[in-house]
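The next part holds the structures, each set out as C-alpha cells.
One chain, chain A, links the two complexes that follow: it is found with chain B in the first and with chain C in the second.
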Partner chain A sequence: MATVDKKYTLTFWEKIYIPELVKGMKLTLEQMLRKKDTRQYPEERWTPPPSFRGAPVLVLEENGVERCVACGLCSRVCPALAIDVQAAETADEKERYPARFEINMLRCIFCGFCEEVCPEEAIVMSNRYELAFTEYADAIFDKDALLTPVAELRPRLEYLRAHR
Partner chain B sequence: MADLKENIAEHIESGRLKTDELILHMGPQHPSTHGVLRLELVLDGEIVVKVIPHLGYLHRCFEKHAEAMTYPQVIPYTDRLDYLASMNNNHGYVLAVERMLGIELPERVEYIRVIMAELQRIASHLVAVGTYGLDIGAFTPFLYLFRDREYILDIFEKTCGARLLYNYFWVGGLSHDVHTGFEKEVGDFVKYFRPTLTEVNTLLNYNKIFVQRTANVGVLPADVAISYGCSGPMLRGSGVDFDLRRDDPYSIYDRFDWKVIVGDGEVGTLGDCWDRNMVRMKEMAVSCDIIEQALASFPEGDVTTALPKRIRPPKGAEQYARVENPRGELGFYVVSDGTANPFRVKCRAPGFVNLSVIDEISQGHLISDLVAILGSIDIVLGEIDR
Partner chain C sequence: MDVLDIAIALIKIVVMFVVVLLTVAELVYTERKISAWIQNRVGPNRVGWLGLLQPYADVVKLLLKEDIVPAAANRFIHTLAPVISIGVAFSTLAVIPIAGPTITLFGRTVHMVIADVNVGILYVLALTSMGVYGLTLSGWASNNKYSLLGGLRSAAQMISYELSMGLSLIGVIMITGSLQLTDIVHHQHGWMWNLVLQPVGFITFLVASFAETNRAPFDLPEAEPELVGGYHTEYSSFKFALFFLAEYANMITSSAVITTLYLGGWQVPYLETFGLSDGWMVLVQILAFMLKVAFLLFFFQWVRWSVPRFRYDQLMNLGWKVMLPLAIANIVLTGALLLFL
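Our next item is the complex of A and B:
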C-alpha cells in the first residue's frame, strides 16, 4: 500500500519559505534569459542540413532531361513499395527514360534506399519537408511533381559524393 | 491515504457499505497510457483489483512483414518498433544478421555505433523521465528535458538525415560516415548535459510531491521481476544487477569503464516507481561516461569497407542477438533459409514483457497510482504491439 515514510522534514530555511521562493524565482529568471530554443515556425523557416532525408525527387538536368534511365532498381528496393516506374525507349544517348514515374508519398517511409541504390544519382532525397495533402490523389507524386532542377539539389549531391 | 483505505475496508467488512466491482476501460485514447493501450481495470471503489492490458491497437505485422523483405529492407521497419530508440533497434537487428554472416566490423563503425546507441539511450530516457513527470503533474521538467533531447536529435539529423527513424546502422557497417564536427558536437553536448541532470534531480526527482506520488508505489520485488522476465531499468530498479552491455557484451562495451546502475530504495522501498525512475536518471550520466571514453579513443577509418555486396546468410543459419535497449533486453531471432529474405524474424520486445507485470504490482493501489506505475514502466506501444 502506498504510504510514505515522513523521513523528510523541512529545515529552518525551508520553513521561512521566502528564501525557497527566491530560489525558485531565480531558476525561472535564468530560464527566461536563456537563448531561445523555439522557432516562430511559419514565419521563420528552417533550412535542413545537406544530410537531411526529405521527400525523394528526380533530378532534372540543365538541358531539361531527367537523369533517370528507368532501370527500376529504386522500385525494387523500396521496402514500402511506394515507387512505380514504367520504362520507355528514347532516341537520346541514355536509351531509356521513365514514361511514368510515381511515388506514393503516403507509403514512402523516407529510408533513403532508393537514393542509395540509384546508379545514376537520378533520385535523391531533397530537403522538402512540408508535405501535407488534402486528398489522396495529391499524395501520389508524378513526374511533374518530382522533377527538380539539379541546381536546387546541388548541396545534397555534393554531400552524397563526400560521404558515400 | 492509508487511513482512508483502512476506513473503506472497515466499512466494507462491517457490511455498512455495500460495494460492487466496477469495470472501467482506461484508454486507448488516454494521455497517460503513452499511446494506444487499453487497460481494463476491475475496481473496488477507487482501489484497483485487477488490471488487464489489451494490446494490438498499433499492430503492424512486423514479424510477418519481415519475411517478405530482404535483409536490409527490414532495418527501416525495426526503426518503427521502439520509435524512441531507433538506433538501439537497428543495432539489435544488424547484430543478428552480422553474426549469421560472420562479418568483422571496422573499429570506427563500432565506436560510432556505441556513441549513437548511448546518445539514443539518453534521448529515450529524457522522454521517459519527462513524460513521467508529466503523468505525475510536473509540466516544466518535461519541457526542459525535451529541449535537451532536441540537441541530440539535431546531432542525429546532421549525421543520418532523420530525427526519429534513422536507418543508420546497416548490416556490415553504417549507411555513411558521421558529419564533420561530429566529435566536437557530441563532446559539447555531454559537457552541457551533465549539469542539467542535477537540475532535473532538484526540480523533479527530489521534489516532495513527486516523491510522495512515487515512493513506495508499485513495488516490484526482485524475484517477481525475474520471474516475469523484466529487464532494463525495470529489473535494475528492483535491485538486480544485470545489464546486457556488461553481462553479455556485444559491440565494444567491454572496453569502457562504467558501472551498472541499480536501484537502492533511497526514499522508499526497493523496487518502487521512484527507484525505476532514478535508475533512468543515473543511467543517463553513465551513458555520458561511455560517450566521453569512446570519443577519447575515437579512431579514424572507413566505415563502409565491411558492407557486404550480397546479404544471403547460409541455409539453416539462425541467430539470436540481444542488446540493451533503453527499456531492457531487445532481442532479434533471425532464421535464414538461404534466400535474400529472412525465413523468420522474431522480436523480443522489452516493453511487452515489462508491461505484463503491471497487474501484479498495481493491485491494491488507487487509480491515480496506476498512472504513476504505468509511467514508471516506460512503455512504447510501437514495440509492444509491433
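Our next item is the complex of A and C:
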C-alpha cells in the first residue's frame, strides 16, 4: 500500500470527513453559479486591442497607393524569412513601389520586427488573427491580400506613434 | 390474471422503460453540463436547443464505431457482461412504487407500481448484488490485466459496501415492520420521512449507494489514471454504450431506491388536505417522486465533480472500519429506541 508522508495531523472535525466534504461541495456549487467567461466563438468574435500583433499588412493610403517604397528592410530584418519584396519604379513622388510583396503566413512568427524597422510606417501588425489555411497556397499573402485601407489600421498607427 | 392484466402490466413496463431511457440520455447531457459549470465552462450547447440533443449525437457516434472483440477474449462472456449490467440496472425499477392511490383503467384498478413484491427490499438488494457480475465478468472475459483489475476491484468494493448497505436498511425495516416497498412509503406519512427518523442510516445507505453504482468518489473499477478504462477498456461501439447506459440507469435506480426508502417516496406532506381527486393525486405524487429522484441525480453528479477518488486502501478502511460499525450502531440504537419509547 502507498505510504503517505504526513506533514500535519488532522483535527477531529477533519477526521469526521463529512464537514470537510460539505465545504468542498459548497465551493463547487458557488463555482457552478458563477458567470461564465466563455466567448461563443464563431458568433461572438473578439476585437483585439491596438497593442495586439496580428498578421502584418501593408497600409493603403486613401488615394489608393500603398505607402511601401520597397526598401526591403522588413524582408532583411525578418527572422523567419517570411517576407519577399521585389521593387520597381513608379512615376509617383515616392519613385519606388513593390511590384511583388509576399508574406508567407506559415513562416511569420508575429515578432513585429518588420513594423518596427519600416521607415514609412507602411507595414503594420493588424488585428487579424483568424489564420487557418487548408491549402499551402492560401497561406502566402500577396499584395492583394495584404493591402489594407489606412482607416482600418488607424488605432494601431496611433498606438505606434504613442509608444515608439 | 387474463389478457387485460398482462396488457396493463406490459404498458407499465414499456412506459417505465421509455421514461428511464430518455432520462438516461438526458443524464449524460446534465452530467456534461454540470461538470462544465463546476469547471467554469459552458458545456454542450450546439446540438439542438441548448444542446439537449447532444446525447443522441453521442449515441449515433458510438453505434457507428467498429465493434471490436479482442482475439484472446472469451467471446460469449464478453458479449454477455454488458447485457447483465443493463438488465440488472433496469429490473430493480420494477418494485419501486411511484404513486399512492390506484387509478381505474378499463375497469381494472391499476397500482402505480409494476410489481408489488412483498419482499421488495430483498429483491432490490439481490439485484444490486447481481450487478457485480456484469463488471467482474467483463473484466475477466476481456483477457486484459487492466480490465481484470477493474473487475476484481468492483467485486471487492461491491461486497464490502453491500454489507453496510443491507445493514443500514435494517433500521428502516425495523421501523416499518415490513419488507414491502409500498408499506415503507405509506409508513413515511407527512413529514415522518425515514430521513428524519434514520439520519445515520440515510448517510451510510447513501455512501453505500455511491459505491454500489461505481460513481465517484468510489469509481475505482474504472479509475482511468491507473487502469486505462477499467473493466470496459476492451469494449467499443454498442457494448460500450450499454455499459455507459447501465451506469446511468444504475444511478436512476439507486436514486429511486433512496427516495423510496428515505425521502418518503411519492409522499407529499399535507397533500390530502387539498381534497384532490385520485387522478390528480397520482399526477402530483408522480411529479413529487420524479423531483426527489431528479434532486438525488443532481446530487450524484455534483459529488462526482467535487470529491476526488479514494485510494484503494482508503476505500476498504472506510467500508469495513467506518461504514460497517456505523450501520451496526444504527441498528442497535434504533432497536433500543423502538423498545424503550
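General remarks:
Keep this in mind: the second predicted complex is superposed on the first by the 147 of 164 C-alpha atoms of A that agree within 3 Å, B and C clash if a C-alpha of one lies under 4 Å from a C-alpha of the other, contacts with A are read in each partner's own complex, and residues count from 1 in each chain.
What we mean here is this: a residue touches a chain if its C-beta (ideal position, glycine included) is under 8 Å from a C-beta of that chain, and two chains touch if they have at least 3 such contacts.
What you see is a predicted model, and the numbers here were worked out from it, not measured in a lab.
If you count the residues of chain A touched by chain B and by chain C, you find the higher number for B.
Shared-chain residue A:F52: touches chain B; no touch with chain C. Contact with chain B, but none with chain C, is seen for A:I109 once the two complexes are overlaid on the shared chain. Contacts of A:R161 after superposition: neither chain B nor chain C is touched. Of the two partner chains, chain C is the only one that A:M25 touches; chain B does not reach it. When the two structures are aligned on the shared chain, A:K36 is found in touch with chain C, with no touch to chain B.
Contacts of A:K15 after superposition: neither chain B nor chain C is touched. For the contact definition in use here, the residues of chain A common to its chain B contact set and its chain C contact set are 1-2, 27, 31, 37.
Against chain A, the residues of chain C that register as touching in their complex are 34, 37-42, 45, 203, 302-303, 305-307, 311-313. Per the touch definition, chain B reaches chain A in the complex via residues 1-2, 5, 69, 72-77, 80, 144, 147, 150, 157-162, 165, 167, 175-177, 179, 203, 208, 211-212, 215-217, 267-268, 304, 364-366, 369.
For chain A in complex with chain B, the residues that touch the partner chain are 1-5, 7-8, 27, 31, 37, 48-49, 51-53, 77, 79, 109-113, 116, 125, 163-164.
On chain A, the positions that touch chain C within their shared complex are 1-2, 18, 21, 24-25, 27-29, 31-34, 36-38, 40.
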